[in-house]
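One chain, chain A, appears in both complexes that follow, with chain B as partner in the first and chain C in the second.
Entry: the complex of A and B
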């Protein structure tokens, strides 16, 4: 036993391999889990339709249950088209503003929209929960608490002098709130929208005229960061500089490994985010449809390139990815929990595949398409094939 | 019956797996990824099986022989996939060893290999528990409960959780036995796992008769304990033989 312990002191490679991936998978899982809990709690029992929202995503067509399938499909396609067009337009506007160096304005806008999301969307959801659980709280206390929550959130997202766990927590909270609102859209619209956004993400990041690619290239050429909401998986190493401005810059890292040999890797940290807020259409329910297209960026890794299990540097995932993964899982939760598990595994698998491709191609990649494709595929496979099979078996207590 | 009962059933089926996960697996990120991949693999195998069997469903639940065929085909397919999993793991092991050489770290220890096998088995076991037990557990969170004909004395959810616990344990540890069997070339171990899997699956057919679960479940647990003992003996042998060599 003692001899083995001496060996152990050196540590084994499986101790630290894959750490970055786990650090990204954990917050994504937490966000999805919270959205599923919210959906399960708030949508259970009420056979009446959940509060329908009127946003830009339903401007073209409001789905009702009495329409025929073909009508629903057409309406959903129209909705998705309108939404994607609006998102594209606003992203191009963002590129234009960035080109004219209105960075300060963009930052202020980012802070403002986080405040709106936390205050209004968070407040609405808190009201739903209060109504559901009959929490005895008066409106003044509630307003004070809500305002403080939103204000701290804005600071956490803006300034990076906060403990990183607070920033990460608030980013997950913002993702969760926006995702829950998206799940309130009608069913067909949600699925078609997810697919449309995945295709848009693919086009925007990979095509040479895509807005996100232009944004990324501008940021690289100027060595600046892009003002956007991005989840970073590990703390930035130069704490004294503090601010998030460093994220977009090229920098060379040097990291001493435990065994003592230097591993110097050039890290091109490229983030590409565009934050979009679509204007309110009706003020009956105040919900700002936040669409945040994003791509996954990672650092260069000279070691296990094929697998992408590098062990230095940070992986960054845009908040839009969090949101749309959670929307998919939340929608699956509205059907049954089996689809939730299947879609969760599919999305994590898609994320893993994307990270591997990232390590392979070393450029900014869209994080939505692979995961959404797997997620939608597994949802329909589970709903059509798996459910019948498993229910048959387990109802007869036949298992293998 | 209530949220408390629902959580109770879920923990009954998944408790030991969760404990194993938190104490052993969550410390090493690579093992977490292994768990996730093997869960995904099990899910894919289940989807393929359900795709194959979909035209024949719903089966007439009075007769038990269609289910026997179902179990035989499913177990055969999953054991085939286990072999595939082993081949993929072999290649991964070579890559990891090459990586370890490059960064001047020690190669994979035998305990590391067994930990990876355990993580793979845990993925399978957790997937089984989740898809066969947790996904039908949703009504248990409501106000009532459900009794099945086959087992009139216990609530259906309780029986389902108990069976799921047995199977999760079997899956978890038979992966360790299987990987050790394949790497050592030990035919006994290699055959032990599919046989145990098949027998356990067939034993659940006893549940078809009324009151059958009072016979079926104890037999299932005997099989589980057998698997545990065999795995423990094998692992103990491996650990002590390594110590002597060192």
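Entry: the complex of A and C
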């Protein structure tokens, strides 16, 4: 009995806040870890010629190792510009479709794109792994397993009320697959693209004319959810409150609702990146239809002071954030594990800062800029300074 | 919900008799669940879960044993407490049976293929194994 009372008195904001943060940091970490594993396993042999891909991101310029630094930089900037323009155009298209209430079409598109990603990208990466480890699996079993994986994934993304852990697992899987695919881009293009997308995210969410902000305002004014690929953390159930409140809590968690005591402001931001896969076309302009988001949303409870992450709150992080964090860490893994550790810590720190700002400002915020800024900064600092230091210390048997 | 209610029992005095085992299984003194899904209060209600269980069971016949497995996982309280949800239970039971049968067949075929290898199958093995097929059809090239 005493333990129960302690639990009820001690279940303060610190516990629930820590729990909320852990529930969003864990899947981000798992996604990054899986991408690092994939990169380490699949790219260990062929370091000289990694498989290059022809996508929208490399349509302007294909990097070769023989170009000069200035050419590579120019080419990368051009690629990133083209990509950001395409993403902006598609996001405005999404805002338009949402404005004309084509919600059913958007949901279908989401389901279709996740099916494509899970089936084709998942199949590709599985084939890479099978070839690497010479797994003696036959084609029927492989096809059945792949089809199962993709079909249940579509159910998980499409249906609003699947088992929470299954939906979360599939969203992490989709993020991992798309992130691995992005790490196949040439090096300079990847870094410039990350910085460009961070800046785009900042502009699109905070500027009043930005497409993501328009989308959020539309969604709030209509009190609807945006049909998009969003990772929602399981809400922390505060033991002080009775269980009767939770009969409708799941719906409140999914939709916005003005209840008597709480004022929940749910913000949800979507970027739709329309790269369409066309595997049979010979010139291989390949792309993956993908529903991305680049922002963080949360609900708050006016009872709790300070940070404002309520007990009924559920932090939502867009799948685009998962993808680009993992791309950064995957790229760092292509150099060395030291950069991986540094970039991982930088990204988690950035995510923590973003969550704090979220609690402070109580509105939708872009989740990419802070983390990508820290990540890129720490990657280059590690590569230029820390590595030299560590190597010299090891050579002289001072440390490590 | 169960935790907060069962905690009232230890604090009561020793004179309180044990709960009557002949009571209705949904009485609050037994540990019968109210929520048929594994998510508890965040999941589906009983009415909605019937349509979900039926749909998952139906779609699983399209060579989707994993969907049957997810069905069983999602409605785990229905399987565990055998008297609680009489309407949903047949679908979940049939999903469980279907999943076990399909998985055992698939596993036996896959293991035969993997372990038997060329000795058992002859030259057909090379034609069926996935990495050769991928190389021949160029499946890994188009990414």
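Simple rule for what comes next: the second predicted complex is superposed on the first by the 309 of 400 C-alpha atoms of A that agree within 3 Å, B and C clash if a C-alpha of one lies under 4 Å from a C-alpha of the other, contacts with A are read in each partner's own complex, and residues count from 1 in each chain.
Heads up, the rule we're going with is that a residue touches a chain if its C-beta (ideal position, glycine included) is under 8 Å from a C-beta of that chain, and two chains touch if they have at least 3 such contacts.
In this text the structure is predicted, and so the values were computed from the model without any measurement.
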Considering only the touch criterion stated at the top, classify A:130 as touching first (chain B), second (chain C), both, or neither. second
Thinking of the overlay built on chain A, is A:14 touched by chain B (first), by chain C (second), by both, or by neither? first
Quick check for you: in the superposed arrangement, does A:71 touch first (chain B), second (chain C), both or neither? neither
Figure out whether A:338 sits in contact with chain B (first) or chain C (second), or with both, or with neither. first
Scan A:22 for contacts with chain B and chain C and give back first, second, both or neither. first
Touch test for A:187: chain B only (first), chain C only (second), both, or neither? neither
Which of the two partners, first being chain B and second being chain C, lies in contact with A:151: first, second, both, or neither? second
Which partner does A:224 reach: the first (chain B), the second (chain C), both, or neither? neither
For A:382, is the partner it touches chain B (first), chain C (second), both, or none of the two (neither)? first
After superposition on chain A, the chain A residues reached by both chain B and chain C are 1, 4
List of chain A residues in touch with chain B within their complex: 1, 3-4, 7, 10-19, 21-23, 25, 257, 259, 261, 263, 303-304, 306-307, 309, 336-338, 341-342, 345-346, 348-349, 352, 378, 381-382, 384-386, 388-400
Partner chain A, residues of chain B touching it in the complex: 27-33, 36-37, 39-40, 43, 46-47, 49-51, 53-54, 57-59, 61, 67, 70-71, 74-75, 78, 95-96, 99-100, 102-106, 108-109, 111-112, 115-116, 128, 130-138, 148, 150-151, 159-160, 163-164, 167, 197, 200-201, 204-205, 207-208, 213, 216, 242-243, 246
Would you mind writing out the residues of chain C in touch with chain A in their complex? 1, 4, 7, 10-11, 37-39, 41-45, 48, 52, 59, 62-67, 70, 73-74, 106, 109-110, 113-114, 117, 128-131, 133-135, 139-140, 142-143
Chain C contact footprint on chain A (complex, rising order): 1, 4, 51, 53, 121, 123-124, 127-128, 130-131, 134-142, 144, 147-149, 151-152, 155, 159, 161-164, 166, 181, 184, 234-235, 237, 239, 243, 246-247, 249-250, 253, 279, 284, 286
